[in-house]
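The two complexes that follow have subunit A in common; it is paired with subunit B in the first and with subunit C in the second.
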Partner chain A sequence: MRQITYKIERSDGAKSFVAAYSFPYQPGKTVLWGLITIKETIDPTLAFTASCRSAICGACAVRVNGQALLACETPLDAMLERFGDTLTIGPIQNFKVIRDIVVDWEAKTKHLTESKTWLIPKDEFNALQGCHQSAADFKQINTQASCILCGSCASECAKLTASDQDFLEPFTYSKVWKLVADTRDKSAPERLKAILDKGLWKCMHCVECVTKCPKGLAPGEDIARLRRLSIKLGYTNSIGAGHAIAFRKDIEDTGRLNEIKLTLRSIGLLGSIAKFPLALRLLRRGKLNPFHFPGKVKGHAQIQAILKAVRESDQK
Partner chain B sequence: MLNFDVLVIGSGGSGMRAALEAIRQQGVSVGLMTKMFPTRSATGCAQGGINGSLQHADPTDTIEKHFFDTVKGSDYLGDQDAIEYFVRHMPNAIRELDYFGVPFSRDEEGRIAQRNFGGASSPRTCFSADVTGQVILHTLYEQCLKYGVQFLSEWYLLQVVVDQEQLCGVVAYDLKGGRIVPIAAKAIVVATGGSGRMYWTRTTNPFSSTGDGMAACFNAGIPLKDPEFVQFHPTGLAGTGILMSEASRGEGGYLVNNLGERFMARYAPEKMELATRDLVSQAIETEIKEGRGFGEGLSAYVQLDLRHRGRETILERLPQIRDLAITFEQVDPIEKPIPIRPSCHYSMGGIDVIDYRTCATAVEGVYAVGEAACITIHGANRLGGNSLADIIAFGKFAGKGAADCARQRSMLSSDIVDLGARLWEVKFLAVTSRKSGASITSIRDRLAEIMWNNVGVFRTASEMAVALQVVDGLVEEYQNIIVSDQNKVYNTAFVNYIELGSMLTVAKAVVLGAHNRQESRGSHYRADFPNRDDENFLKHTIVTKQGSTYNISYRPVVVTTYQPTERKY
Partner chain C sequence: MKYAFFPGCVLEGAAKENYVATTTIAKELGIELVEIDGWTCCGGSHLQDVDELGATAVNARNIALAEKMGMPLLTVCSTCTLMLRKAKANLDNGQLEQINKILSTGGIRYNGTSDITHLLWVLIRDYGLDRLKERVKRPLTGLNVAAYYGCHILRPPGIMNLEDHANPKSLEKIIYALGATSVDFGAKLKCCGFHATYTASEDMIRITGETAKSAVASGANCIVTPCPLCQMSLDMNQPEGQAVVGCNQEMPVLHLSQLVGLALGFSPDQLGMNMHIAGRELTKEIIANM
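Coming up: the complex of A and B.
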């Protein structure tokens, strides 16, 4: 009989180890079925969480061969076809592990609280009469409101994996954007100001949060929306905003990037001097030529037309 | 000792709404204890919506119509004073949710949108796409964070400690910390949800719906009310019980047996597949019982055929149903019929609440709300859209009731709570170090099987007598069960062990209540007593426990406005 194996990255709360469990294959099952089979027939000490088994409660996010997913809705056959009959399963990343596949949400909850991720209703509304919102405005927040706090985006986020000291979980930015975009909320400027120094400009655009979200959210895009709005509201005094503005200006002016100008505009003269060692290294490798000032690229007019179209669609 | 003025247990909609109200009362400390991370609760599974007579979709809707629909839906077993109080408060309760930030779908005028639902005489179900429960749950969580409710996340309720009908506190298992903790409290709100998992794979409920609070209160001397009323949803997926929403029948799906017949013609020749939930469930089970189903035993099923509706319609109007069928049954309804069978969906019965305005129970300091409680507004059958309504309206009343109570009460001596915790330490060691005995899954599966076969959609005296014996036998076996995990940190095997105990405790009350109720009413269908009997059974079942003995008594139903008449749809 065909056997399949889960290699599970476990820990008992103190030490970590890998345990391999083999059990008979059954067609048409889910990744969660395998975990339950192990717990019920091989090893009752295996700890994991799961509840609704229909992808709405968010309890069963795990990593299978390095990909965060909801165990309850992921067909086992698809995984076996892709990776073979042995799967490596571990807790989602960028969370403190409590035991086995169970992770701790406490630090993440704190970020939600610090970012004030609750509605601050406009003064025209009250609790007795509720609020008003158009059907079109509801559609602006509908997608972000379907976040189930499963943590998959945070697990695969390249920035969080590099350092979680100066960045929030992608879902937190989506929640902030949901509130900024909510026409019932009055605190968009304050919300933006509050997250400017909470990593708004640190996203590395790896897009893992977008591809991993089981509910169709795109936290990376929400971060981009927050950035655009912050510039529009005049919060341009940061490296990230400066860099984005300089980047656009370069493209607008010549159609190509000038790294020296980009650095000067992003972080100013003093900041640029601090980057001198890096510049020297680039110079030595032939990656930087301070005397090369190329003119406009061919087809510059078309680039400007594209930029104009983007600006116009943004205003809509 | 850790202590709270108000400790809420359970973080679904009712628990969070209660905690929010309690902390907004000022001057009381509020804790919210939950066995999983707060937003994992069953409330999130509710798709359809929340009922309230806002008169947006239908200006002719009235509070009175919502009142009557609920009374009729309950098959006249709901207490009419409580139902009236409930429907009157719903419009404001929903508008308040809007103010809290629930993203409701909107009508053309920017008001909360409303749609039609089963058993309602006007469209009054407010919704947010098909994720109403999930967005209400998450919005309440946001509000609880805002007001600084202290969450005890992943703390499991082991015992409600009561002395001389007065609350002392609770004993909890802190999963992450790996310790058993006594907590003193002036008031608790038990909001731990339903007990549908006693039917294990034959339920739409999440794994966590194991009746923990019902059992803990019952063991502490608080009665269970109307436990025999269990709602079965006709279209659960065959293998897992996962819910195929009512839309599948609404959109014209056929129910077909192994002879290829649309068998509803035998049971409801006019309404066919669109008959009420209880009737369709009973028809499907009859087909299976008489050998016209597919498969065998607990995994037998009939088919829900949508193919004639065509690819376009299925893709456009039933996308979620198609997704679920593909993911969980590997069946694409465009090409093949979906295997389905009724699934336990909701517990109408629960912890006996004796004051609907505060959700107080008979024990001073203990409040109960939501599916865990029985107030009772749902009577013998709950209407769709009334469960989210229930938890929002009564969650608020319970939170206020508990806060008011806490202000008037002083903390009782905590010695007895402390002693309780130490006894649980001993118990933990004993059960986790045991080397032989029945496994949790073996007892759980046998419980589910006997409950489904003998105390499910169809019930007869003789089958239930057998069920009672089997459940008693399982309770006996449970005393010597093995848990096989001695680690105190996040010991889910130990949690499953207590959950199984809760299910056994509540299941026995379900069997007894059902056995003694010699009539058919709402979800409770007695093949040997097929008619409603108002003369003898227009009354609530009250089950109490003394030692290990269960006693049954009855309490009259409160009838204020609508005299019972035959329920026809």
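Coming up: the complex of A and C.
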């Protein structure tokens, strides 16, 4: 009989170990079914969280062969086809592990609390009449409202894995954007100002959050929305904003990037001087040419006309 | 096989060796690359942070230039591919009229007739592994290669859809087709951190060191990547990265075009590998002994 094996990355909170469990294959099951089968028939000490079994509660996010997903909605057959009959299952990354596949949300909910991810209604609303919103306005934030806080986006976030000291979980940025864009909320400027100091420009563009979200959110795009609005409101005095603006400037000026100008515009003269050892290394290998100034590309007038039309369209 | 070639800014700048290697192997393989006259920067995954509509519009123009040539557009940069394909997805899913109105101010129009592809995809899908195998003059026997996909050649899967983003095989297939061996490499789907070079510099340096260390631990002689930005970051930041993670073995990082070029019989110098920072001599030595 065909056997399926889950190699589970277990932990008692201090010591980690891998335990392999094999059980008979059944067609049409989910990854969660396998975990429940192990707990009910092989090892009752295995700890994991799951509740609704309908991809609504967000409790059952796990990593299968390094990919965060909801165990309850993921067909086991699809995973077996993708990775073979032995799957490695572990807790989602970038969370403190309490035991086995159970992770601690405390630090994450603290970030949500600090970012005030709840509606602060405009003064025109009151408890008696409630906070009304048109269907069209709600549609603008409908996707972000679908977040179930499963943690899949945070699990694979390259920036969080590198360091979680100066960055928030992708879902927190999405929740902040939802409130900034919510026509009932009165705190958009304050929210935006606060999020700038919470790593807004440190996202690495790894697109893991967009890829992993089981509910179709795109936190990376929400981060871009927050960045755009921050620039629009005049928060341009940061390396990240300077870097993005420098791209547009180079495209408008000549059509192509000038690496030296881009560095200067992004991190300034002092920052560029600090990069001198790297620059020297590149110069030696012929990778950097300080005398290379790309001229205007063919059709430069066309690009300028297009970007002018973009600006006019944005103003409308 | 004829493509409208979109080199991207990095192939004019700090990864110019990839321009040399790409055009060299294309000629050898009989893949005709006609460089798009007047292409512009794709926005490098940063333009949308200041100007979303502008990012779609400038890339719509880039695609429209390829359309005028009547060819699919080929890039060798994963980020360029993503930016161009993202613009195409926007245009093909509701923004066509708005963007064409904008493009009309420059007297150009997007029609949606050119596909956007990448050298990796062309080798797998259009050229074919069997044909590639037949062209190998110097099988890279004994060369252990760590396949490093990076982010934008795979993610988001709705736009970058050549293969399964969670379990890609294309690079490994090419590695084996060239006679080399693909090693099991923990960092193969990770991010190199390049796009946060300035905003999260320390993280990017650590990632570089960890990636090189992971490749050393896997027994690799070199890393290969389809993205010149990944190559650049993992190569040029390696001295600092290695110092941070305590790894003293240099790890050469090759562009996909260079690995193919070595198997086609070209020397490392002919493929611009003398411009690399990390482990130049190591690769030369291995190739010399083949």
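Quick note on the criterion: the second predicted complex is superposed on the first by the 299 of 316 C-alpha atoms of A that agree within 3 Å, B and C clash if a C-alpha of one lies under 4 Å from a C-alpha of the other, contacts with A are read in each partner's own complex, and residues count from 1 in each chain.
The rule is simple: contacts are C-beta pairs under 8 Å (C-beta built on N, C-alpha and C of every residue); 3 or more make two chains touch, one makes a residue touch a chain.
These figures come from a predicted structure and were not determined experimentally.
Contacts of A:Leu128 after superposition: subunit B is touched, whereas subunit C is not reached. By the touch criterion defined above, A:Gly286 reaches subunit C but does not reach subunit B. Residue contacts after overlaying the shared chain place A:Ile98 against subunit B, while subunit C stays out of touching range. In the overlay built on the shared chain, the residue A:Ala244 is in contact with subunit C alone; subunit B does not reach it.
Look at A:Ala305: by the touch rule set out above, it reaches subunit C but stays clear of subunit B. Judged by the touch definition given at the top, the superposed model places A:Leu112 against subunit B, while subunit C stays out of reach.
Applying the stated touch rule to the two superposed structures, the subunit B and subunit C interfaces on subunit A have no residue in common. The touching residues of subunit A, counted against subunit B in their complex, run 12-13, 27-28, 30, 39-40, 44-45, 47-54, 56-59, 73, 75, 98-100, 102, 104-106, 109, 112-113, 116-119, 121, 125-135, 137-138, 141-142, 145-149, 179, 182, 184-185. Across the complex, subunit C meets subunit A through its residues 9, 12-17, 37-41, 43-54, 57-58, 61, 65, 82, 98, 101-103, 105-108, 151-152, 154-157, 164-167, 189-191, 193, 195-196, 198-200, 202-204, 206-207, 236-237, 239-240, 274-277. Interface residues of subunit A, counted against subunit C in their complex, comprise 65-67, 82-83, 158-159, 162-163, 166-167, 201-208, 210-211, 218, 224, 227-228, 231, 239-241, 243-245, 247-248, 250-251, 255-257, 259, 266-267, 271, 278, 281-282, 285-288, 292, 294, 297-299, 301-303, 305-310, 313-314.
Residues of subunit B touching subunit A in their complex: 36-37, 39-42, 44-45, 92, 94-101, 103-108, 110-113, 128-129, 131, 134-135, 138-139, 142-143, 145-146, 151, 153, 175-176, 178, 206-208, 240, 242-243, 324, 327-330, 439-441, 483-485, 487, 489-493.
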